[in-house]
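Residue numbering begins at 1 within each chain, and the chains themselves are lettered A, B, C and D in the order written.
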Amino acid sequence: MSHLPETLLAGYRNFMTGRYAAETDRYKSLAREGQSPETLVIACCDSRAAPETIFDSGPGELFVVRNVANLVPPYSPDGEFHSTSAALEFAVQALKVKNIVVMGHGRCGGIRSALDPNSTPLSPGDFIGKWMSLVAPAAETVTSNTMMTQAERQTALERISIRYSIANLRTFPCVKILEQKGRLELFGAWFDISAGELWVMDRETGDFERTSIA
Amino acid sequence: MSHLPETLLAGYRNFMTGRYAAETDRYKSLAREGQSPETLVIACCDSRAAPETIFDSGPGELFVVRNVANLVPPYSPDGEFHSTSAALEFAVQALKVKNIVVMGHGRCGGIRSALDPNSTPLSPGDFIGKWMSLVAPAAETVTSNTMMTQAERQTALERISIRYSIANLRTFPCVKILEQKGRLELFGAWFDISAGELWVMDRETGDFERTSIA
Amino acid sequence: MSHLPETLLAGYRNFMTGRYAAETDRYKSLAREGQSPETLVIACCDSRAAPETIFDSGPGELFVVRNVANLVPPYSPDGEFHSTSAALEFAVQALKVKNIVVMGHGRCGGIRSALDPNSTPLSPGDFIGKWMSLVAPAAETVTSNTMMTQAERQTALERISIRYSIANLRTFPCVKILEQKGRLELFGAWFDISAGELWVMDRETGDFERTSIA
Amino acid sequence: MSHLPETLLAGYRNFMTGRYAAETDRYKSLAREGQSPETLVIACCDSRAAPETIFDSGPGELFVVRNVANLVPPYSPDGEFHSTSAALEFAVQALKVKNIVVMGHGRCGGIRSALDPNSTPLSPGDFIGKWMSLVAPAAETVTSNTMMTQAERQTALERISIRYSIANLRTFPCVKILEQKGRLELFGAWFDISAGELWVMDRETGDFERTSIA
């Protein structure tokens, strides 16, 4: 019999004796009745930026898509495979979520590669290069600012990218219509993986402001 | 200033006063030194099947991709956008993870739609339809088995799909080569969202067996 | 007899009955022996960013230059009036300070005017326009980034300007020589007038990082 | 990471736990709404003569220019860099201050150097020499009075210089016009750094009289 790595098994044990034991009824009920999360979170794969951790969520609360650099590509009904678009469509049309949060974070490896002029493909397929090319125009405007430090350009592009993804959400007709009807709200957030701070995007200006937990 | 929904803010407060307060040094160190997770998990977006919850993971441990029905498409270096492939490439080539876990779960909505003969597109783009067509051949073999119950067909396809995704992992040259060299291990897992049970795939037979937590 | 505005007189009374009463010996001693502040601070005129307040300084501690946008112009021994250069020369050569801190701040009006394409002269002399033209090259690189919000460009230029002023400090031979000899240290700081946070510039990267007060 | 000198950090901690903690709302409000100080103070860089200390001011109250010997040069719209003129223009035309206070002080090093016949340049640029030459005509009349003690000549020139700077304020058309319209008041003050006394200039006679704090 194959075994999962021991750390995962140990963690699973903690889950079963801890959270699952405490919330057994909830798990059973969610299985029986189905999930009805109110929020879709589009987050990065980064091991330091998990939405469930940051929002201390329990089962049934968040429908979560995670891809490199938490990107939402523009609406493109061209018959190709579009996993993020598929998840978005499912969340909005089938689960009827009320909120969509695009959450980026500091020190994002995907964003860093988009800013690296010497970036070489990680494999002949260069999937990351192609994926991150979604933010190439934005990366160019940032890279050309030689008076900013590398870290400043990194943070700038992380936030520009969140705004870009939110704009792309609105290219999906179902999202646009539901937002206009007041049945769907779009949010941008940026998590500082060092300080633990969560910054929320102001919908009017696009600026990110720190959330007070007071 | 825009505010996130109150439930998310409340959860974030819990995070800051709880986990972050307890693990501040770890967060700062991970930010400073970068992430080096040993495991990539490919899981479903489902709100009841979050890897961090099931494996009780902390920051820095799991690099997580989440898409509908935790699918890994076959290697296809055709210049198109492939977010799951991009994340896989990044995890294997840049982060050099040692383990990949494809984790499916019971009552998966994506799998259900693939088994539904009357399934209609959720939107004109029909992204889900196209995305789930990755498992269409497998779905057909299962659907044609009229002597299984709907729930049995559901569970069957969930597990067939995990095996199919693991096979697709091996179509990526970097994965295949590293696995052969013993530097990368592939795992399949299936989470029973009602009973909380975790089933692990036997690499030899493809069968799923319950993990004991004793 | 002319009187100062009442608010100033009231404040002066507080000073006399408070701080001066408590530190009379120190004032007398400083008058007798002369000042020997160890630090020169170059700060903005802004009413929300006074160094004495932010550093809770007492008499004799800080030699302070304040001009619009805390700029240090490049070394220019051309016989013209250069008040910031004069103060710098005095602090370094006569008072022999050990530290120079260039302190900028958020929401700087001077920086805002440098970023405003429609900025019109405040008077025919257009002194502000000419003074802020010291940062015109930097302002251009920032302004051209249309994907950043106005607030993001503002903060970017505030920090670029601090780095530029520190570089200009080094164009003064006395500063350059003393720094190389280890007798003078240069610092950059940026004060968030809303959150009260003080960010300090990393001398290697030029990045600004929040100071912890723990 | 670079750190500010410990004394500054300690002072900043006092500020955050003291004044900032007590006036947080005020700082946030000033950041949000902008500054509207009613008074511009032109003071000396001297570490013993900080306006915020002497007037016990809080954030938002004083817009402060500090240069060596608190000089205001004559209006000179010649396209050169004039930092004190720029700050004056900004305070009067943009912030629309109601008061301008030129505050000198006893034992001013700049004034002392202007009176020193053997004064040698502090650096080849001789910025201080050039800057203080603004008061050269006045310095000559005082120096030639051999029957006054050195301290008496010092105090005399400190006060002559304040009157000269106030006269120079009136060479700025915007200042002159607003003063005539009763929308701007000009004040002279002289601070005795030993006794803590504040002397205010009588606008009619130019004499300085001690302010009573009773």
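Quick note on the criterion: contacts are C-beta pairs under 8 Å (C-beta built on N, C-alpha and C of every residue); 3 or more make two chains touch, one makes a residue touch a chain.
Fair warning: this is a prediction, and the values are worked out from it, not measured in the lab.
Greatest centre-to-centre distance from chain A is found for D, with centres as Cα means. When the CA atoms of chain A are superposed on those of chain D, the rotation angle is 30 degrees to the nearest 5. Distance between chain centres (mean CA atoms), chain B to chain C: 53 Å.
Inter-chain centre distance (chain C to chain D, centres taken as mean C-alpha positions): 15 Å. Multi-chain contact residues, meaning those touching two or more other chains, occur in chain A at positions 195. With chains as nodes and touching pairs as edges, the resulting graph is an open line. Chains touching one another form the pairs A-B, A-C, C-D. Remark: chain A residues 1-5, 7-9, 11-20, 24, 27-28, 30-32, 34-35, 37-39, 45-48, 50, 52-68, 71, 73, 75-77, 79-91, 93-94, 98-99, 101, 106-107, 109-110, 122-128, 130-132, 134, 172-174, 185, 187, 189, 193-196, 198, 200-204, 209, 211, 213 touch chain B in the complex. Across the complex, chain A is touched by residues 138, 141-142, 144-152, 156, 159-160, 163-164, 195, 205-207, 210 of chain C.
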